[in-house]
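Shared between the two complexes below is subunit A, which pairs with subunit B and subunit C, respectively.
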Partner chain A sequence: MYGFEAMTFNIHGGYLEAIVRGHRAGLLTATDYNNLCQCETLDDIKMHLSATEYGPYLQNEPSPLHTTTIVEKCTLKLVDEYKHMLCQATEPLSTFLEYITYGHMIDNVVLIVTGTLHERDVQELLEKCHPLGMFDSIATLAVAQNMRELYRLVLVDTPLAPYFSECITSEDLDDMNIEIMRNTLYKAYLEDFYKFCQKLGGATAEIMSDLLAFEADRRAVNITINSIGTELTRDDRRKLYSNFGLLYPYGHEELAVCEDIDQVRGAMEKYPPYQSIFSKLSYGESQMLDKAFYEEEVKRLCLAFEQQIKGAGDKEPDVDL
Partner chain B sequence: MVVDHETPSLENGQTDKEVEENANVLQFMDSMDAYLTLIHSLSSTLRRGWLELASARHSMGASRVNTVLLDHTSHPAATSLLVTQDEGKVDSGKPHFTLCKWESSSNENSLLGEKQSSQDKLHPQLRHRGSTELYEEKTSSDNKASREVDDPVQKERSKSLSMFGTLVSPKLRAAQLSFEAALETLVEIANMRSEMLCAFDQVNMKLEGRKDEK
Partner chain C sequence: MERIEKLIDNLPPMDLMRSEKMTLVQLIIPVESAHRAISYLGELGLLQFRDLNSERSPFQRTFVNQVKRCGEMSRKLRFFKDQISKAGLLSSVHPVVEPDLELEELEIQLAEHEHELIEMNSNSEKLRVTYNELLEFKLVLQKACGFLLPSSNHAVAEERELTENIYSNDDYVETASLLEQETRPADQSGLRFISGIICKSKALRFERMLFRATRGNMLFNQAPAGEEIMDPLSAEMVEKTVFVVHFSGEQARTKILKICEAFGANCYPVPDDISKQRQITREVSSHLSELETTLDAGIRHRNKALTSIGYHLTQWTSMVRREKAVYDTLNMLNFDVTKKCLVGEGWCPIFAKAQIQEALQRATFDSSSQVGIIFHVMDAVESPPTYFRTNHFTNAYQEIVDAYGVARYQEANPAVYTVVTFPFLFAVMFGDWGHGICLLLGALKLGSFMEMLFGGRYVLLLMSLFSIYCGLIYNEFFSVPFHIFGGSAYKCRDVTCSDAKSAGLIKFRDPYPFGVDPSWRGSRSELPFLNSLKMKMSILLGVAQMNLGIILSYFNARFFRSSLDIRYQFVPQMIFLNSLFGYLSLLIIIKWCTGSQADLYHVMIYMFLSPTDDLGENELFWGQRPLQIVLLLLALVAVPWMLFPKPFILKKLHSERFQGRTYGLLGSSEFDLDVEPDSARDHHEEFNFSEVFVHQMIHSIEFVLGAVSNTASYLRLWALSLAHSELSTVFYEKVLLLAWGYDNIVIRLIGLAVFAFATAFILLMMETLSAFLHALRLHWVEFQNKFYHGDGYKFKPFSFALITDDDD
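Then we have the complex of A and B:
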């Protein structure tokens, strides 16, 4: 029974929970998005965003604006908020917050390695990296010729080191190897994050298990669909699926042999939570699948906010979120 | 004596001249109509392509679809443009543009067959004033050739997308097809413009000739 954790939660987590709920209140609303849809220029967008929490980040930007500037400044807001929370967090919350950045680290590593393979300038690549995934010595990635060097020169001192055990080969880095490396790292990361949340127990384990399992299942479906018609073999495809989630293990066995989107649908519709997602799509259609999964993810993330309030529901008034 | 006002009582040469002039004007207007239709088609194809690319970027993430991943290593062009003079009219000066797609993967005949069948598939709104039977026979024979080159062409398509990774979203593949169609339309526009300018020159020449006669 985990309800008693609410009695001591506010000692370490009360301030940050209030901060998070404040940030949630600052998210753009449907009205904001309607206004943004009416905008005809980027300056109009800047004007509308000036009335939101993104305003302070855009107000000093000179015209003419570029789309990358708007994206950069809005991302900077997220990064500043995250860093503030990380500074204020104690264990195990600080480790939890660090786990959130590992996915971005993996994306940045793959970006640098791929860009270097295509003879791009390292500075150019570093500018495109996500700020949440930056680490010292990331620029040194450009020197590595194969995964063994990648690990030995750079990644051994990063949080991604434990995830490399299944990737290390002396084969030169090419497009297929990099793709397999990306997905293998992400698989190891998700499994590690899942185990960490399970170890924490309580509300964290309950909520995060559901969210991470959904993420693992979504990745399995995306890997399946994206690998249809490519050189990736069924065995290699199967190895990229995470070892947890609703689809593990029988759903994965079916997905590994799918050759088209309708077979993927057939495999997924056996699971009631995904039946509702696929029912929104017509046969043979795959392009709206991302949107359907995204909407389901947002629904689950919104439900995560209900947990703390419900836990202390006897004494605290209901808060309409 | 019945006077036939339908047929002017002129010598046959002048009547033929008028017929030829009318034909030139019709050809000019036809080519202009086709040109404008192609421009409109290009605009909508490009719009579709950009939207699909934006969807792919949203789906795969900004780190997987961005300009820094474009390949700067030296590699042969997958597609090239061949410019020739129009056949049968050596001194016309009218250029003809031919797109050679994925030329590293198959021979020229297959490429032309695939180009023609894909053009026919993608541009049904073009009006063909020639014989429809001849057009249908040509299309069916080219379709057979086009199926045979599909696999190598698909491989070339996947190879050119590999800069974004090997497991890319179907939206990115759709964007690639849209931009490919846009490239074909651009070449058609160039050919149509060339025809239109040639027809305009001929109409102009006839008008100048009439002025001189007067």
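Then we have the complex of A and C:
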């Protein structure tokens, strides 16, 4: 926090700051994770978790547990706490917290649309959705046949509507289109979120622009790698990159013309923060890249969390099974 | 000196003064009698087990399966409790007490009950779903007809237009039945409808979605269902809305059906034909009433089962809780090498050894084990836990002390004195016998409320009694003085007594026998007189209490055989405090007794500034000047006395003791390094002189500065008492008397109400709290820092009586 920001911080953020600090004490520690590693059955895990903050969420589950139940209940805790904070937040923090849920919303929309395309049961799909990204008429997504309908029927009511305006076509939905839609949505969302954080200024702007830039770059790399060998043209690929981040604009030019993973690597290694990620991977390998990026992301989120600045503390490491 | 020491040694021991003597014991229990032995010990509740497996996580321990089973059982019990409260039954207040079941039996029983309940629930849920469907169908039928009739009229009207065009002669006069018959062609023309029911909260969004999906080519009719329908998931009653959508086209139909599905709207077909409608309505109604009876029977059956569970629920819960505690305790024990015995260690008070042994023997006998349980005392390295045997009365005061810190093992317990001094110091600040009586009534009536706060109705009781006492001394009853103990000692100079407040009064008889003379109230010199009285009293009380604290440090040093602490800490501290503030107290008392006009500020200040000067008119007794010089010198000597010798002697002792490794322990028979032998044994290797010296320096400086600041701190007794009496005077004079001055009943009542409100909330609640906190501070800081270490830990025996339901 800089300058006089700290002076008035507690007027609006004090209570939530206290809550976040409280949640920090409820996080599982390294010892907890060590003990969890030693668990042999799911009941052991339940027993161990019963001594932690997750206990009340698991205690009423009958004994033959499933991994999904544990994950579900632990996520439920996160969601409950997040919703509590969202209720307590005032502007602009509440908008900030809302923004964080939009990412889950996009994922959910894509999940339902893809699922419907492959004729899955809607209820089944709904259970798989992330609870933070739920909105009222999400089940109705199944009705839509093409993007225009999708927008006109359902999404126009959601906060995602402005992002969608860029990808309205009358084409029927297929896997390719959906993937493009997802990336277009994400691009618009990230750019909007970035603008919002810049508008807030101060510590939020600094920390969040760093995190968002990383996210944008990561997506750019993923888009590039996934689109190699598909019919996506270079220009279309170029359009999916977010217009900010470390790679913008010159890195994007290079990524847009990449034809294989090693070219991507060459383009990325010019950027020192990403050099370390790629240096861990052997040539030609793309499987481990996701994991390496994920680790880097978690590291950055942890650092942001440790700085204890408003809004930055909401991504809790969850139980990872 | 020796005679005094002998006298002190022969004093009868006080339970509360020193914590119970504890001993570390080891239990070697054969596996077959382990469970029984532990549960007997739990009933006894006098043994604190040490966790010998602390390096193992909970699921690696021996009896983890049993603990899991207990957890599972308590989950079932919670499920029963939940079901019982959902069914609106009260679990019986007087539970049936049955002989304890075996755990296995209970487990089977619980599993059976749970199975039965779940089956019943699922049955009734199935029935409930069918019932809901039928009910909804009925509602849709009822309401939808309302829309369909006019709409079919409308449709027919269109149709009629068509027919009119063709058969212009066919005019009107058509009966209702004819209309009904003619709806069919409308159907064929493409106008169709879907009817159903939806949650009221979703209806608006549903309509909007339909409108968008059909691009407005639909007609949406809705009506509230009137009845609330139970939502099978949350078992809550939900308001619903019946709707009918008219639309045309097959594509729209699939879309609408999908949207219905997405919104969780249930669609029911409504026949167009009225007679058919009636017939179906009749069928549905009869079905419904059948189902209703079945459902009711099911609920009755279920309630019966739940009630029978409810009879045992409390007993089962406590039993499972006990079993879990027993297994948790067993998990703290170690297996010995042969794997036939469990080895446990724990702390117990020495007096309880016989009881524990008896319980263990009983356990061996009851479990008909071949081998007895071995119970023997062990040497302890660490310091034992602190255990005071308290009763209802002393417990609250012990809690007040423990809130600051649990006493070190066997050190002097300030709670003994706190029992009296705490309420007394409170009352000095809260002295008003009117308010005291209110508090007393509160303590007698609202005892249960305070019990929640501090477990302290007895604290409140004593506080109120002392307040009444101090209030009588201050002669204040809601700030009004009373002539309880005879007449005032003062009277007016002349008969008219018009200028009593300005000219002053004359004394004409013996002093008022008890407390403050009522004539002071309202006189010109009221405040100076009361302030001087209360200020001096505060200093006397403070010096007395601080002296008590230092004397307690002497008892501590004697008890732990540390003559070093007596010689180089207790004695100089005593001298320092009393040569300055003890002397002040003496002066106060002399001044009170002789009625001298001497200025005590002047005496004290010039005692430091120019001790050799003549005191002049401020001399209170013969030989005061030499005495002052001697006292000042003593105080000056006391400071280096408490600072330097102790660390140097400690250093000398240490080097003596360890100059030859082999003779190490022999040299320490007389002087022990530390009051706590165990920690000394741990730390003797690295004797850090500078650390010890700095520590001692901090202590000495703290004491010297503390002597001044603590004495000043006791003046809060005066300040709060002044604030209290001034506040109550303001409320009495400026509110009650002012209102009483008007001859208007309404104003008087309002005045009375405001006075009562202010008295209750400001004087009785806020002032009580603040006086309580200040009394607490005086005890924790000014009194206890003279002797109290407070770094012990509490004795937490394994006891069934102490198991609370906080794990639920």
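The criterion applied here is as follows: the second predicted complex is superposed on the first by the 302 of 321 C-alpha atoms of A that agree within 3 Å, B and C clash if a C-alpha of one lies under 4 Å from a C-alpha of the other, contacts with A are read in each partner's own complex, and residues count from 1 in each chain.
Basically, a residue touches a chain if its C-beta (ideal position, glycine included) is under 8 Å from a C-beta of that chain, and two chains touch if they have at least 3 such contacts.
Fair warning: this is a prediction, and the values are worked out from it, not measured in the lab.
S.K.: Using the superposition on subunit A, tell me whether subunit B and subunit C clash or fit.
M.R.: Overlaying the two complexes on subunit A (C-alpha atoms) leaves subunit C and subunit B fitting together cleanly.
S.K.: So, A:35: does it touch subunit B (first), subunit C (second), both, or neither?
M.R.: Once the two structures are laid over each other on A, A:35 reaches subunit C alone.
S.K.: For A:62, using the defined touch cut-off, is the partner it touches subunit B, subunit C, both, or neither? Pick first, second, both or neither.
M.R.: In the superposed model, A:62 contacts subunit C only, not subunit B.
S.K.: Now for A:235: first (subunit B), second (subunit C), both, or neither, which partner does it touch?
M.R.: neither
S.K.: Does subunit B (first) or subunit C (second) touch A:50, or do both, or does neither?
M.R.: In the superposed model, A:50 contacts subunit C only, not subunit B.
S.K.: Determine, under the contact definition given at the top, whether A:140 touches first (subunit B), second (subunit C), both, or neither.
M.R.: In the superposition, A:140 touches subunit C alone.
S.K.: In the superposed model, which partner reaches more residues of subunit A, subunit B or subunit C?
M.R.: B
S.K.: Tell me which partner A:91 touches in the superposition: subunit B (first), subunit C (second), both or neither.
M.R.: neither
S.K.: Just to confirm the value: shortest Cα separation between subunit B and subunit C in the superposed three-chain model, in whole Å.
M.R.: 16
S.K.: Could you list which residues of subunit A make contact with subunit B in one structure and with subunit C in the other?
M.R.: Overlap of subunit B and subunit C footprints on subunit A: empty.
S.K.: Write out the stretch or stretches of subunit A touching subunit C in their complex.
M.R.: 35, 38-40, 43-44, 47-48, 50-51, 59-63, 122, 136-137, 139-140, 142-143, 152-154
S.K.: Under the touch definition given earlier, write down the residues of subunit B that touch subunit A in their complex.
M.R.: Against subunit A, subunit B makes touches at 55, 58-59, 61-64, 66, 68-73, 154, 158, 162-163, 165-171, 174.
S.K.: Please give the residue numbers of subunit C that touch subunit A in the complex, ascending.
M.R.: Per the touch definition, subunit C meets subunit A at residues 57-60, 64, 67-68, 71-72, 75, 78-79, 205, 209, 212-213, 255, 258-259, 261-263.
S.K.: Which of the residues in subunit A come into contact with subunit B in the complex?
M.R.: Against subunit B, the touching part of subunit A is residues 71, 107-108, 110-111, 114-115, 118-120, 124-125, 128-130, 175-176, 178-179, 182-183, 222-223, 225-227, 229-232, 286-287, 290.
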